[in-house]
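Next up: some structures, all given as structure tokens.
Two complexes come next, and they have one chain in common, chain A, joined by chain B in the first and chain C in the second.
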Partner chain A sequence: MENMENVLEIINVSKVFGSLVANNKINMTVKKGTVHSIIGENGAGKSTLMNIIAGIYKPDGGEIKVKGKTVHFKNPNNASDCGIGMVHQEFMLFDDLTVLDNVMMGRERTKTGIFIDKKKTRAEIQEICDKYNFNIPLDSVVKDLPVAILQQVEIVKVLYRGADIIILDEPTAVLTPQGIEGLFNALRFLISKGKTIILITHKLGEVMEISDYITVLKDGQVTGNVLPSEVDEEKLAGLMVGREVLLNAQHIEKEIGDEVLKVTDLVVQDKDGIERVKGLNLTVHAGEVVGIAGVAGSGQKELVEALYGLNPPVAGSITYKGEDITHASCRDHRCKGIGYVPQDRLGAGANRESSIWENCIMGYHVAHGFKNKLLLDRKEAGEFTGEVIKDFAVKTPSQESKVRTLSGGNVQKMIVGREFLQKNDLLIIEDPTRGIDIGAIEFIWQKILQLAAQGVAVLLVSHELNEVMELSDRIEVIYDGKLTYAGAYRELTEQQIGLLMMGGKAVDKTQIKKD
Partner chain B sequence: MTKLRLKKINPDVKFEVFKYVLAFVMVTIIASVLISFQGEEPSKALSAIVKGALGNSYAIGNTIRWTIPCILSGMAAVVAFKSGVMNLGIEGQLYFGAFAAGVVGYIIELPPLLHIISCIVAAGIFGLLYSVIPAILKLYFQVNEMITTLMLNYIAILLTELFTVWVMGATAGVNPDLLATPPIYASAKLPVLIKGTQGNAGIFIALAVVIIVFLIYKYTIKGYELKQVGENLKFSKVGGVNVAKTFVSIFLISGFIAGICGGVEVLGTHGKFTSRFSSNLGWDGIMIAMVAKNNPFGVLGISILWGILKCGSMAMERVTNTNRLTVSLIQALFVLFVTVDYKKIAGMLRDKFGKKKLELSGEVK
Partner chain C sequence: MAEILNILFGTATLAAMVRLSTPLVLASMGGAFGNKSGVFNIALESFMLTSAFFAMYGSYLTENAMVGLLFGIATGLIMSVIFGILVFHFGSNPTVVSIALNLSAWGFTTLLLTSMFGTRGSFMDPKIVSFPSVDIPLLNQIPYLRDILNNQNVLVYVAWISVVVCWIIMYKTPFGLRLRGVGINERAAQTTGTNVLKYRWIALLATGGMVGVSGAFLPLCGISMFTENMSAGKGFLAVAAIMIGKGHPVKVFLSCLLFAYADAVSIGLQAFDVPSQVVMTLPYAATVLVLFVSSIKNSKTAAMEI
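Let's look at the complex of A and B:
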């Protein structure tokens, strides 16, 4: 490590948002040809730091050196010109365009400066794919591709822009164990070709596995620059949150009650009329957590949409406490005491342009609170919002703050809090801990188990296998629109379930989508 | 911007104020140039506008007259836009409202207050009924309301003209400019506030609408839902808001207010329904709602400004050589300047001509 070139140096970088110090004199050195992980809780300042490095934010103080030279990025293009590329947590791709179009967007090679030279561009992109071992279909339309491939598209995109330093923001959040292994292999290959990777993640196991260096952030400050060989997971977690964190949920003794949700022979089509759920049967009992694991795009989305009345099924029936709700609206669901934590946090879960209190009472205002159906009881709204903020540790200056000012993890805590604190009998939960920190994951997990212990039926649909395994009393795997029973709590191993998620066939690391 | 309580002036509010001031300054400069081109001194023309709009009680009365329809059609637009419904059919709904008020006004004679109320209610209901068509098309056939409402405007204008022909018992040969229903009874007329002017009690109806709409948004559950539907439809749907019902009610409320706007025009100013009477009042409302950023009290302020410009421009034409259309042009420019995304432009300019005065002191305040 002594002789390796310092490809990126962060010296005393600070960034302030209003009264919040997001980054406070951060110091960090990234060496060429390494995987440098940055870990920390939500709001620790990881994303802010990365956005500064990628030229999206300007630092309020400090210095950034790329390959020994001090740089002042005015915009992401400047950073890109210096060889820094970022793969965001939410992919920045145009759904309706092909992979090729997406990759070349903004950096088209042209003929005589006017016409796009697709041939030449394609050749260049293909060369990159070959060089770095990416097997992606250039002519496929982005929306038809699975998440793991899209991630590779994003990586190819930054490579095409000449990136030497690639920042990956929470890249494993959406992947299966096999997909993660595939990603890590790709990252190792990139490093062997002299690229440098900066990895932001919450998952300590992954950090230990792939990192050459680790920087830990807490409350906007660096609490540790360590080598993986010097620490273990518990010590890292300690640096992150300042306390010991156990990543095992503590199961509570409880009784399983009556059947609450029963799904029979459900068939659901997506918007294009393609069958995504193909005759699915499912039951959830009071006090039971049923976890549905599966590779993204196996029909989870359509199943949940049908269950919550967003997309009526074409066949089959859904009953709730013996009552047919196959064609009930979302409002009916709310009124009957069914809560929903959607995966699409900012689209369906929250309204960015509204204040926190306005977000918190959504749903509550229909089904649970407000005796007066005409006037909005601001006091009650404030009380309920206060409860959500307090019980779920939502970091915000006030209830009047707009949701767009909150970090992703805090938005999720707010959504989960809102749904959990309403007195629902059934909760449909999709990816409740995607992209949030360990402290919050542990907290939300515990809340889910507590809810179940109180007799609430919970249907947990998650792309995080570990989450499904830790929380569920019964695990089902969804594959190609159908469920497969995958044992009770701790009955099968991660590998066994992972195999079921792939349709029980041999593990395929590139995850070609099976329609 | 939806909050009017300015506990402390935050940067957003400051920026908005800056924006309006900048728009005003730019428009004044452009207006001066345009007026100079027409061989008139800008200061003279501009003072003619101010004098003509606010110089004496007569002028103020006529400013009020023009402010009334601006407020009402502006509110009709605000209700729709705030909830994400692009109702461009205010003009048409306004015609139906005006026609209904004109008919109820001449057909029966009632005690004064009752007569006014029945005319206004009839106007509102007709405006509402006319907005049912695009609502149904949107709801059941997913037809974009921008297109339907826009097209229905032409139908409304010509249909009310046809109705007027029937009412008059006239033949098709009549000059369209003379087509009008019989004058309404005096009992249906809105009282004039300032003698000798057209400034009438319709202003109170307009103010009441502003306050009611404001209260609905601020204090009712329905208002909360309306706002959420406008800002994030899917979020509202998942949250249990009956989106279809809300959508229809937005159309109906917007149409109702537009109808009232037409009714007040007939009862307060014209005294009868004249075909093609509206000089794009509905479109003014849409502009005003945009400038006011869908804030009810913003609509009030901008409408007063619009009233001043409308009334003042006519006075200006009388006393100077400047064409009154100059003012219409200026109004349109004002809308443009206010709706420009300055932050984005500033960002683009910064990127392009990048000033290298990034202060990297390493200090955090």
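Let's look at the complex of A and C:
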């Protein structure tokens, strides 16, 4: 491996934002035809480093060499001209345009220099798809396609731009196990064709599976350049966090109590009037964590919206502690002691432009009120906020700081803290750990299990199968708006549940035992 | 009954529709670029009114309609530069800037009218030369259509051609594709190497230039005069047409025709014993109606997102 060409060299690269040193003298070498993983917690400087490599940020010091030559990128186009392409975590796609338009945007082939030559462009893109085994519908409008396909569109996009080095930022966050397997196969194929992959991720299992080299970042510095054969997951986690980390949730012994939530024959339509939840039945008991796994877009969003009164169901009923809440408003839900952690933390969960304490008392003021009915009781608000900050380790300079200044993990801790500390009896939690770092994940997982142990009923809807499997006492898989029972804790394997998520038949229980 | 039919479908009404639609079409074709680039610009009214004044002034100075047109375009460009500097570079709210410009334009042009020509209300002078109407021999052979489309002002045909040109630019060129990209997802456009600010500026200048032509049409369409608040809401109608057509040139064009048709019918109805106030609300009622109908489809979606 030593004689392989160094396709990218990062030498002493630093980047400073104000008083924050995001990258401190980073050194790493990426070899041609390898998968080089970069891991680290949020705020460790991974994204900054990638943005420097992709030409979005300018480094404050150090040197970048591409294929042996020193480069100075002024903008993303320079990087792209040097063969560096980036697939962002949030897809950089144009919803209303077709796949073809999306891929060619910015690099259109033209007739006589004026008009787009669709035929030629299409032929070129089709050739890339064929060469690298991507099967994507070029004429479909992007917003109608599933995420796994969108990711392929993004990869084709960078290939079309002639990228030899492809940076993938958290590519597996939104995929099913099968989707991840598909992505990894695609990546392996790309490598076999001489491309180089830089992979940014939180998930250690994946890192171990696919990487040739691993670089670990912590607090803007490289804490390890290792080979996967030299380390195990615990050791990597240790390098990332700087202490030992529990990668598995610690299940606590507890008692399952009375039925808290009961959903009968629920039918929900989305905003376009299309049925997304098709006669679904579900119960959650006190002290029980029920996990719903499923591919994105299987009806989770509509189910949760209906459960929380955001989108009234067309048919069926929802009862909470024996009381019918099918058509209750969000406000009613709050007052009755139902908490909600929405998936879209900045869109639905928090107001970016207001302060921490204002965000912390959102909902609290409705459900619990203040002693003074007319004016805000800043003292009480401050006390509750202080509790959230303390109990959930929200890193913030003050209660007055704006939420937009917090990192994703801290925003999530704040929202989770706000919902968890309100003494709710039922929590509806959507993707509680999406895109946050391993330390925070561990923390939130523990809190969920502790709450359940105290007798709170928890409905966990997550796109992260691992999370559902670790936390749930009972797992349900949602597919095409219906639930399928997928066993109790540790009853089925990841592959078996993954199959159910793709619409496979329920697994025969007797067979599991034979396996 | 025959008279009613004549008002609804007669050549006089339809010819008036074509004539009245012209300033709307010209302005909204420019505005469509701004709309697609993702900038909320409702200052078209002010662009149009100031352009109308200076187009009249240019024609008055030189007794040449073409110079008037150039004055109009230049004014439109200057107005858009003011808008652009405030919104793109000083980060002002586009709605606030638009309202400020729209309110000042009326006062500004009226002030100029009194200070330069010493008159209020309207200014008419033989030195103001309008654009000629054009006789198209081929069109002259076709009955009915001949009475509607032929012998219109030259800018009327310019407007119709501009629809096709705009459509081609927007949907057949890399520029148009990137411009639409900028409007849909600014950050994604950036990552494809598109200079978002540059595209927004180009779109804004296209808006200014086209609205300038539209403004020039008002005093130079044959009447050769300028009146106070000459644009009289046409800039707002153009904005409405752009929104209904979601910036698609052909759909925007059809919306303009619809508004102009309502206007033309109201002119026809003035011959009847209908209170003129009622008649004059017709075009605006039509606007409200169209906006209402076109938004019913979206209302469910919007309600869901609240």
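What we mean here is this: the second predicted complex is superposed on the first by the 502 of 515 C-alpha atoms of A that agree within 3 Å, B and C clash if a C-alpha of one lies under 4 Å from a C-alpha of the other, contacts with A are read in each partner's own complex, and residues count from 1 in each chain.
What we mean here is this: contacts are C-beta pairs under 8 Å (C-beta built on N, C-alpha and C of every residue); 3 or more make two chains touch, one makes a residue touch a chain.
What you see is a predicted model; the values in this text were computed from it and never measured.
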Q) With chain A superposed, do chain B and chain C clash or fit? A) clash
Q: Could you tell me if A:75 is touching chain B, chain C, both of them or neither one (first, second, both, neither)?
A: both
(Q) Quick one: is A:375 in contact with chain B, with chain C, with both, or with neither? Answer first, second, both or neither. (A) first
Q: Quick one: classify A:308 as touching chain B (first), chain C (second), both or neither.
A: first
Q: Have a look at where A:93 lands relative to chain B and chain C in the superposition and call it first, second, both or neither.
A: second
**Q.** Which of chain B and chain C A:354 touches, first, second, both or neither
**A.** first
Q | Partner chain(s) touched by A:273 [first = chain B, second = chain C, both, neither] | A | second
Q | Contacts of A:115 with chain B and chain C, given as first, second, both or neither | A | second
Q: Applying the touch criterion given at the start, work out whether A:345 contacts chain B, chain C, both or neither, answering first, second, both or neither.
A: neither
**Q.** When both partners are placed on the shared chain, which of chain B and chain C touches more of chain A
**A.** B
(Q) Counting contacts the way the document defines them, which residues of chain A are shared by the two interfaces, the one with chain B and the one with chain C? (A) 75, 77
Q. In the complex formed with chain C, which residues of chain A make contact?
A. 75-77, 80, 86, 88, 91-97, 101, 104-108, 110, 114-116, 271-273, 311
Q) Tell me, which parts of chain A touch chain B in their complex? A) 12, 14, 16, 21, 24-25, 58-63, 72, 74-75, 77, 308, 310, 329-331, 333-335, 340, 342, 344, 347-354, 358, 361-363, 365-367, 370, 373-376, 378
Q: Enumerate the contact residues on chain C facing chain A in the complex.
A: 168, 172-174, 177-178, 180-181, 184-185, 187-194, 300-301, 304-305
Q. Which residues of chain B touch chain A in their complex?
A. 219-225, 227-228, 231-232, 234-242, 350-351, 354, 356, 358, 360-365
